[in-house]
């Protein structure tokens, strides 16, 4: 019986239908946030939400029934399925709209279900885990560099633009926007020292970027290499 | 007879002449869009277009004649050749300028013909196809991250700047501009929460960038590695 | 005796406690720079600083005692430990606040201590040292490119915007902000020639970026490859 | 005799002195472009230039004498040495300052001499040449993408902002600034269609970036791999 349900859920057409419904939910969610769309299709959205939640609920119940052991309910993917369904029912009880809006976000986790159907996610996860120490070190250097740069920019620009570079946390925001090469330009340095720091920060940003990609790339090469060794042990 | 035509078309000088003409068409197309150039060289452009379309038409007809089977006409590269020629003749019939302008864009597809003459495009295509699952997962994570970030920024900034962060789709535009590290600065956050979200988005942007490049890089290493194994099996 | 102290310092719980204290110091340092936080928790910060400096002093003294040879005091990591502690005691003597502020920055070096506890830093260092000649060449090309671009932009834009592109050093700042793809937009070109130079600079920026990441990535692959050969010589 | 001169020029101390002088020339050149510095140290700069040009001339003459065959004078590196010296003497004849300023830029080519002293430049060059077909294809895709995006943005934004998006060439500038993720923000889209095109362009920019780095990275891995095979054939 459990095997039958599992076979039904793992059926290609069922899987694809559910994945399509997840993506449709996503599109409706985005469009509904626009005032013009919401005013026109308000009723349709309510019905669509109801139908899709019912389908997801049935799917979740079937999935729970098909589990070998009950404690598998707390597996990450099963929790994702739960949190994709539960907020809708909670919304009948609570009234606070902000609370509801935040909770509704969890519906986006449904897209993570796509991960369940793919073995490629494993490769990516392995790539990261493989070199997690190097990634941690890189991230630490990144953080220290941002702090150092933020403090130096604070010293350089606070006197020239006290209203713009008010505190170190704001300088940290500015440094992150610089080091990630976003550079909105809502805040920009005016002193020679500040500009020098910004230039160095931007160049080191490329360095950190390169370091990070180098580590990630090496990890992926390694993870994919292992993968092939495993599938072709006779090579 | 078919073989003779194919040999003529594959001749190095004929290939290079056609490629030069494609590039010349591109340059004339760009220059013609400038008002000052268009006013001066309007007549020249018309004659140049006519001549090059005639040459491309002859080339297309020869290519069709040289085909082994007729159904090869629907091969992507043959369709590109067709759409590089057809819009010009359609322009005698239709009058709508917007329609014409859009159709003329297809002329740019001519540059893709360069791909026909090169085996390197195969390597690149193979690189992408090799890890298409990982790329799809990366792209999914990218999309979910953008949506999540856009919604959080909407919650953070909508009350502070209702005229700037009007709807989630506009926040999506802003998030994409942030996460790809473009950062025009036409829109920028002002609240502490909004700035925090932007900083995290920008940092994760580098992460996604690294993930993407890591996967692509690994795929290319693999594709190029295979290539060498094939050319040097005795190694 | 020396061995006993070393064992105590290398104990997992002691290491973790010290690392936590370093991170806590960092957080307090950042928060203390905000006016609102400083006014409220001024006294707490003073006590926290005193306690943590005492603990770090004890740790430093124990570490000095546990050294095999006295000249190891001048090892980089031991100097970092010294400069993490010394500025606090100097602050009782000197009164100049700017001097103190700069010196206090060295406290951030404490985070580098994390590096002492990790072997991953070695891998990263080896990755860089492995291809240091290529990295140096890349950096030289980068610098020459920036200078060349800055001079061309100066020639192109100085006459059109004499107040914005005042001197070559300012153009260097602008070029770095462009080539690292930060692009604040506080300065932007208006002439056709200036915009062409900026476009080329931006595209070459991606090229240099790719070159740099290519070298780094190759170095890491090599360093990690060596690492595995060393740990698995029987493979 | 020729061997003696060559040995003298290849001597480590002579090489380092000349490299230091090249870098000093560079620094003086940059500083001299600042009005405040130029006014103060005008005489010193003239003397420094004279001395360094004399030294470089002597070096060039010695290098010419030490050549095996005369036609080696036209080797790229020898031409760089020539153009690093010649403009100074030409400056006594011509009076046009703009002409001089442009010619003086060639002095920056001196830094390329560093390349002569390094074998690492070979590795980098080999990395690029190795996959030059793939790089050419990538660059072609890049150019076609920019043109396509520029034309679409022109169609989208020309009616809304006729003064900003005046012609396709200006749109090309805007697209390059977007696709390289610089994003000054001096020009930015306002229509929904324009913003959509910009978002897609920015995302594809990351894709092209990844493609480019992937190809470069793979080429470097290959070039460095070959290098090791050559130095360690017994492995």
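Each chain carries a letter (A, B, C and D) given by its place in the written order, and its residues are counted from 1.
What we mean here is this: a residue touches a chain if its C-beta (ideal position, glycine included) is under 8 Å from a C-beta of that chain, and two chains touch if they have at least 3 such contacts.
Predicted model only: the values in this text are computed from it and were never measured.
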| query | How would you label the chain C and chain D contact, same or different, if same means the shared numbers make up over half of all numbers there? | reply | different
| query | Among the chains, which is located farthest from chain D on the basis of C-alpha centroids? | reply | A
| query | Hey, which pair has more contacts between C-betas, B-C or B-D? | reply | B-D
| field | Rounded Å distance between chain B and chain D, as computed from the means of their C-alpha atoms | value | 28
| said: Just the number, please: Cα centre separation of chain B and chain C in whole Å. | reply: 39
| Residues of chain A touching at least two other chains | 169, 172, 181-185, 209, 213, 217, 221
| remark: Listed in rising order, the residues of chain A that touch chain C in the complex are 131, 133-134, 136-138, 140, 143-144, 147-148, 151, 154-155, 167-169, 172, 178, 181-185, 188, 192, 195-196, 198-199, 202-203, 205-207, 209-211, 213-215, 217-218, 221-222
| task | In the complex, go through chain C and note every residue touching chain B. | result | 181-185, 213, 217
| said: Touching residues of chain C toward chain A in the complex: what are they? | reply: 26, 30, 33-35, 101-102, 105, 108, 111-112, 114-115, 118-121, 123-124, 127, 169-170, 172-173, 176-177, 180-186, 209, 212-213, 216-217, 219-221, 224
